[in-house]
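Next come two complexes built around subunit A: one with subunit B, the other with subunit C.
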Partner chain A sequence: MMIMKRISEWFEVRLGYKELAEKHLTGYLLPRNINAWYSLGSVLLVIFGIQVLTGILLLIYYVPDADKAFRSVTAIMNDVPYGWLIRMCHAVGSNMMVAVLLLHMLSTLFMGSYKSPRELNWLTGFILFNLVLGISLSGYLLPWSQLSFWATTVATNSAGAIPIIGDYLMQFLRGGKLVGPPTLGRFFAAHVALLPLAIAGLIGAHLFLLERIGVSAPPFGLKETKNSWQGDQFRHEDHPGGIPFFPDYLLQDATSIMIYLAVFFSVVFFSPNIFFPVTAFMPADPFRTPAHIKPEWYFLANYQTLKIFPSELLGLMVQGAVMTFLALLPFIDRGKERHPLKRPIFLACFVGGIIIYLGMTIWGHYS
Partner chain B sequence: MQSSSRRTFLGICLGGLAAAGAATATWPVIRYLSPRSVEETGGKVSFPESDVPADGAKFFDFRGTTGVVVRTKSGQLVAFSAICTHLGCIVQWEKDKQDFLCPCHAGRYSPDGAVIAGPPPKPLPRLPFSVTNGLITVG
Partner chain C sequence: MRLHALAGRKILFAVTLLLAVFAYPHSSPAQMETVCLQCHEPQPGKGGAPVKKWRESIHAENGISCHDCHGGDPKDSANAMSPARGFLGVPKESAIPAFCGRCHVGISEDYLKSAHGRALGKGGPSCVTCHDAHATKKVTLDIINEKLCSRCHSYDRAAEIKEAMRQTETLITGIDRSLQEYKGQGVDTDAREKGLFALRNRYHRLFHEVDTAKVKHESSQIQAELQKIQQSLDKVNEQRHRRKIAGLFVIGASLLAALLVHLLRKTV
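Right after this comes the complex of A and B.
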């Protein structure tokens, strides 16, 4: 023990880590009425970590060449020891990441945490959500299966509906007139380098904003639920008399992470093919379109929206408008009230939006 | 039970679970990264005897390394590991001198694999082979 104490002192006098720990862990106080939904950010960090780790492992055996990609993925699944586990964790993890991100954003909406002064937290989070959709889409092509090939064909085709630049944009995304080997090259670069770097950078910005502005208090269990921010000068939102991040809230984070991992591994071990239709096990054939090609579940609502509008452009415009509205919500919704039950119009839009999204997703699945 | 002791108990449980999970995950990752065993990379290599030219050599992948079969001036076939015993470069067959040269540090081996010059500490290991109906099988 003496040696441990001396090592600890050696670092302490050089780094002053006890002060850092006091500031960011034991002395970092959170609101007393904080709830489990606040731990979803930590769950997402763990998911991102698992995706990076399994992604690096897959890179060891994956070959980003249209002639070899499918065979290399098949070899990872069948020949490399535990390759199936690494790939399944990566594929299931990408779906889970989108699902947990949606829950994280819904809880932020429901509790009014996006309101001033946290507009930038919301905006960085919203951009992160879009980047995660982008990294999922680009990763979908890499196995070079019939599913990947044709889902990417359909997804990139939507860009062609944009007036004037649409056709050029579609060809730019694909690296040619149709999806082919050049598409694999650019999607691979985006998936393993560009997008992970962008996501990591934005996570850093998101966490910096969280730390700098302070954690919002949930509007529940309080007498005063209106936003107290005055907007005259910068103030870090403190929570005197709150609960410390370490050990109290870290245990909640750890509990949520364990619950997430239990669900995640249940899917990986007991229902691994939930995200893999038959076409995922057939090599890409550019001359044979499979029947009923559908995008991943998180794009089904977008897919169905495009189908129900008479023109693809109109469908894209509606989606663009909804996404722009959501991105700018903190700048549009300037109301002080944060409790959802005291915001009937917001609550109606919130519930209605979820019902429409789920309805379109289910409709898209069965259409 | 006081809340602090409940917290400690929960912390120990979660910490233990995390440690057990991390330990469990280590094995698949090690297996995933481990080089393939000899059984997985194939045991024997066969090719026609005509692939080995007169006075010449044929190099081939053998159990994850490189092997060489040489037909000497006397017409005799010999098979060796082509990995130089000095620092692991691949030796080259010098047809005119009838010996193996390692171009990295000028190690030389005789046609029977013995060191004749340079820094290699040991002879080239011989590989077992057989010739049946014009087919050479190494391993």
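Right after this comes the complex of A and C.
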């Protein structure tokens, strides 16, 4: 015990970590009415960590060559010890990351936490969401299966509908006129280097903003639900009399993470194939188009939107307009009220938006 | 009046032109058919009967037409049946195995080695005795049946052969189904599929063997090999079962940890 105390002292006099822990853990107070939805950010951090870890392990055996990629993934699934588990965790994890990210964004929207002074929190989060979609799309091609090949063909084809630069953009993404070995090289580089770095950087920025500005209080269980930010000078939002981050809320984070892991492993062990149609296990064949090419579930709404408009360009423009509106929402919605029940127009748009998104997703699935 | 007449003539011309365009023989599947079919199909009796039978056959299904077997020129009606254009006509009974064997090489060999083949020309059956010349269907074990076999001999030995082969076929069908199912779930089935392919070929080569003992012996050997594939699939199944049990522990541990952490929070 004496040795431990001396080591602790050695570090304390050099780093002053007790003060650091007091400031950021035990003394860092959160609103008393904070709820479990606030722990989704921590869940997402864990998911990102699992993705990075399983991704690195997959890199040991994966061969990013169009002639060998499918074989290498098959070997990972069948020959590498626990390879199936690592790959399933990575593939299921990518889907779960999108799902949890959507829930995180919806809860932020519902509680009006995007409002001033947290515009940048929302914006970095929104960019993160798009980067996660990008990393999922680029990872989709890597197994070089029929599903990967044709889903990427359809996805990159949409870029061609953009006026003037569409053709150039499509060829830039594909590394040629058609999806082929150069596309795999590009998507591989983006998936394992470019996008993870960008995501890690933005997570850093997102957390810095959270720490610097302070955690927003949920608008529930309060008498005053209007945004109290004055906008005259920088103020860290403190919560005097609140609950400490450590151990209180960290235990809530841990509870949510464990519940997430239970759900995650239920899919991994019992129904991993909900994300894998038969074509995911057939090698890519550019000369054989599968009967029904559908994108991943999180792109089904976009896919269906492109189909219902008379031209692909119009469909892309509508999607672009919706995404731009969502990205700039904190700058557009300047109202002070945060409680959703006191914001009927917002609530109608929120519920309507979810219904439309779900409706388009289901329609896209069955169309 | 003249203007009306002019307009009327123009309309008449346009209609005639349209009719000419639509009435012109376009290349549709029906009209792409050979001259053999065009001449024989409308013929009554013996001339047209083979065409009707052929249309329902496995050959028609796979695009094998009259000239593929009988030779001749399928595009030139005047010389369609000219020997100079390779027309072979109808083969003699003794020449039928060689006639069919141009495509069905292995089967022809098997048949000629069998008691059926050795009896060719001495009252034994040729290919068309069992398979028909034109109403040829995809063969199943049902072709070995009392009605067909009893035309020449008793059914007893044929029934024994059929039973041995039925067991093999049941195994092959079951393993094939399992392989496709596992393949669709990411299991590497390549080696097993190649093994099954080779065994299925061995099984198919028994189709024209009529030596009961030989069929039984070879069937038992094939079945033993099939059992090995089945056992390897059973191992995959067992492994998946073990994974699910491990999964239950992992999920249970996560839920238990969630409960404990939740209770711990309540006590803080």
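Keep this in mind: the second predicted complex is superposed on the first by the 367 of 367 C-alpha atoms of A that agree within 3 Å, B and C clash if a C-alpha of one lies under 4 Å from a C-alpha of the other, contacts with A are read in each partner's own complex, and residues count from 1 in each chain.
As a working rule, a residue touches a chain if its C-beta (ideal position, glycine included) is under 8 Å from a C-beta of that chain, and two chains touch if they have at least 3 such contacts.
No experiment lies behind these values; they were computed from the predicted model shown.
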Next on the checklist: Just to be sure I read the superposition right, which of the two partners does A:60 touch: subunit B = first, subunit C = second, or both, or neither?
Outcome noted: first
Checklist entry - Taking the superposition as given, does A:258 touch the first partner, subunit B, the second, subunit C, both, or neither? => result both
Checklist entry - Who does A:247 touch here: subunit B (first), subunit C (second), both, or neither? => result both
Checklist entry - Looking at the overlay, does A:281 come into contact with subunit B only (first), subunit C only (second), both, or neither? => result second
Checklist entry - Just subunit B (first), just subunit C (second), both, or neither: which does A:233 touch? => result neither
Next on the checklist: Between subunit B and subunit C, which one contacts more residues of subunit A in the superposed model?
Outcome noted: C
Checklist entry - Should A:82 be classified as contacting the first partner (subunit B), the second (subunit C), both, or neither? => result first
Item to check | First (subunit B), second (subunit C), both or neither touched by A:273 | outcome: second
Item to check | Intersection of subunit A interface sets (partners subunit B, subunit C) | outcome: 79, 247-248, 251, 254-255, 258, 261
Checklist entry - Once bound in the complex, which stretches of subunit C touch subunit A? => result 183-188, 243-244, 246-248, 250-251, 254-255, 257-258, 261-262, 264-265, 268
Checklist outcome for this item: In the complex, subunit A touches subunit C at residues 74-75, 77-79, 84, 247-248, 251-252, 254-255, 258-259, 261-262, 265-266, 268-270, 273, 276, 278, 280-281
Next on the checklist: Residue numbers of subunit A touching subunit B in their complex, please.
Outcome noted: 57, 60, 79-83, 85-86, 247-248, 251, 254-255, 258, 261
Checklist entry - Can you name the residues of subunit B that touch subunit A in the complex? => result 7, 10-11, 14-15, 17-18, 21, 28-29, 31-34, 40
